[in-house]
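Across the two complexes that follow, chain A remains constant while its partner is chain B and subsequently chain C.
And now, the complex of A and B:
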């Protein structure tokens, strides 16, 4: 396993954990999450849930990973189509850019 | 005395709060006319209600039905592109004809009946926004500029087709003022010219009889008037959850009659008997429940509901669960937890009681019409 793959797995696991935290607050604790899971259709996340997720991500990785900026760059159809894998890609890329 | 034209979308939840305001205006000697109600909704109004323009039958808007499975941003896209914008395009001619006939001194325009805002700005008539739900006040798209730009484009298109080329305000927020049927205690701090009047709950005629009550505190489960198709699974889960709560009597409302035979309840009469209300976080059900100081379990489905649900949670007046995914055990735990939120619910109840409701809204509107300058072109 290369370093990149390893860190990608770690990032996925952390993001899945954060999503479970967000969902648990809503009384959901039994959801399957993989990279193809859609935020809108599968997880039924609303914009206010994304705000919570943004806070968790910034708590974990700090300045270099700015989900608010990531979302700000998405148009409506991109937001609707957003999948967990897209967020993993973004975090991995942002961490690599930050030398992390 | 003044004439007020109320411009509403064909949606029960948006019409109901304005009916009480119209009644107060009429009691004070003003005239009120309506544009927007469809024939199917005429029963909401008293028999003397003036529907305009009066030379034709009530409209039947041809609007695409929204697929019940749509959620979140997909639902937002459908709401605006397939419903609100076409509705505005269709309603403009009706509003113009109503203004020609009725010559209103001011318009009250629902936030989802944009035709009223377009005609008012083009013909330079004072108008207020009616925010029957408070979600838009919080500018939910502020963090997503590209999504906000999509909506701005739709609104700009409407203005280009029907409005005033010189106007610059957001069509959803009248520069004269926005009547919000909630309170800052529930909504939280907001920007802009917002007049919080609290809920306008009219003692609407309701011939439905109460379900048989056995004296135990009631847990009412209701998904409102607009969500029957999507609700079957949730209602079955609620029945399962309530089956193991022997200290409470569950009343599960199912307009389809598929899950229970309680198709309707007289909600206002039932609320004083309720310990908890489980609902979809529709603004009117939430406000009616909190007006009785009853805490909530909110299972938002779409539209403004997730935001209203969050307001309930932030106010300490209830618990949020996931509409599509909650299990019976989770729902039972949420109902039990909500019982401890009665104090938060009573705090909102007090804020509602002091906000003035329909009377405060009517007073504010009559001042708006009275301060109108005489030089306005009509």
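And now, the complex of A and C:
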């Protein structure tokens, strides 16, 4: 396994954990999450849940990983269609940029 | 991220500090969303980060009965919402003056606050919105009656799903359940309404952003005539959802407007600068 793959696995695990936290607050548990899971169709999350997730990501990784800025460049349809893997891509890229 | 008791209601809010400048010396905008399916997400996921990146402090909050704020059974007059905004600024110790940016009903709340405490408001950006006048209240009565009728019909949700997808239909169902569990529909237009004379004497500069096909498309300059310090920008091809559907254009108008007012550019020049940027 390469360093990048390891990092990607770690980021995915952390984001999945955050999502479980958000879902638990909504009374949902025991849900399967993989990189193809969509926030809207599969997890049935609303935009306000994405705000919570954004805040959790900001708390975890700080300034270099600004999900709110990333989402502000997207149209509503794109935000609704987001999948967990898209977020993992974004975090891994942002962390690599900050580290490089 | 936080929750704080304001006006007796547990209120969810989000803040972003201005970047690249001393936040203590930077202007502050307060984002106020609309009724129903809306929440602070409409602003947080569109304007908040770019506005903070432009050197402006951001506060966004969920109105009572919306998003992650407390949802009491009663207490949804327009006056409650205005009181909530003033109380939130007080408990967060934001002295201002602040720039209030309101979408739809959120703009009406902004006008209500500016009329009550004009010294606390540097400017208003009103998006598809209007002040709390008697004609506004009359329209709200009709709109709430219509909404109650529509949301009582299963066909409404089926149509919504067919036209806009399951996501919108799900949101509407949840909003309907919340609305019917509270007195929001039956009391939101109650409160201290504003006279034409009071409106004309409002000292606050107002940037009024409308969709060309929005709710005020028939007479887009009515607010300019009613206020002494207001100019309207119409974004063609947009409807009442102009904030979400044309958020880049709204951002391009908002940032130079707030910067201009903050640096004592005459408000009419701040309008001209904002308009030129999207022309």
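Keep in mind that, in the parts below, the second predicted complex is superposed on the first by the 99 of 100 C-alpha atoms of A that agree within 3 Å, B and C clash if a C-alpha of one lies under 4 Å from a C-alpha of the other, contacts with A are read in each partner's own complex, and residues count from 1 in each chain.
We take it that a contact is a pair of C-beta atoms (placed from the backbone, for glycine too) under 8 Å apart; a residue touches a chain by one contact, two chains touch by 3 or more.
This structure is a prediction, so every number in the text was calculated from the model and none was measured.
Engineer: In the superposition on chain A, see if there is space for chain B and chain C together, and answer fit or clash.
Structural biologist: Aligned on chain A, chain C clashes with chain B.
Engineer: With both complexes overlaid on chain A, does A:96 touch chain B (first), chain C (second), both or neither?
Structural biologist: neither
Engineer: Just chain B (first), just chain C (second), both, or neither: which does A:55 touch?
Structural biologist: The second partner, chain C, only.
Engineer: With both complexes superposed on chain A, which partner does A:41 reach: first (chain B), second (chain C), both or neither?
Structural biologist: both
Engineer: Looking at A:68 after the superposition, I want to know if it touches chain B, chain C, both of them or none. Which is it: first, second, both, neither?
Structural biologist: Both chain B and chain C are touched by A:68.
Engineer: Would you sort A:23 into first (chain B), second (chain C), both or neither based on which partner it touches?
Structural biologist: first
Engineer: Once the shared chain is lined up, is A:31 touching chain B (first), chain C (second), both, or neither of them?
Structural biologist: After superposition on chain A, A:31 lies in contact with chain B alone.
Engineer: Which partner, chain B or chain C, is in contact with more residues of chain A?
Structural biologist: After superposition, B is the partner touching more of chain A.
Engineer: According to the stated criteria, A:13 is in contact with first (chain B), second (chain C), both, or neither; which is it?
Structural biologist: neither
Engineer: With the two complexes overlaid, spot the stretch of chain B among 43-51, 97-105 or 133-141 whose C-alpha atoms clash with chain C.
Structural biologist: Only 133-141 shows clashing C-alpha atoms.
Engineer: Name the residues of chain A shared by its contacts with chain B and its contacts with chain C.
Structural biologist: Correct list for chain A: 40-41, 44, 46-48, 51, 68, 71-72, 75-76, 79-80.
Engineer: Residues of chain C touching chain A in their complex?
Structural biologist: Counting only chain C, the residues touching chain A are 1, 14, 16, 39-42, 44-50, 53, 62, 67-68, 165-167, 170-171, 174, 244-245, 247.
Engineer: Please output the residues of chain A touching chain C within their complex, sorted ascending.
Structural biologist: It comes out as residues 40-41, 44, 46-48, 50-52, 54-55, 59, 66, 68-69, 71-72, 75-76, 79-80.
Engineer: List the residues on chain A that touch chain B in their complex, please.
Structural biologist: By the definition above, chain A touches chain B via 23, 25-31, 39-41, 44-49, 51, 68, 71-80.
Engineer: Going by the contact rule set out above, which residues of chain B touch chain A in the complex?
Structural biologist: Residue positions touching the partner: 71-74, 76-77, 140-141, 143-147, 149-150, 300, 306-307, 310, 319-327, 330-331, 333-334.
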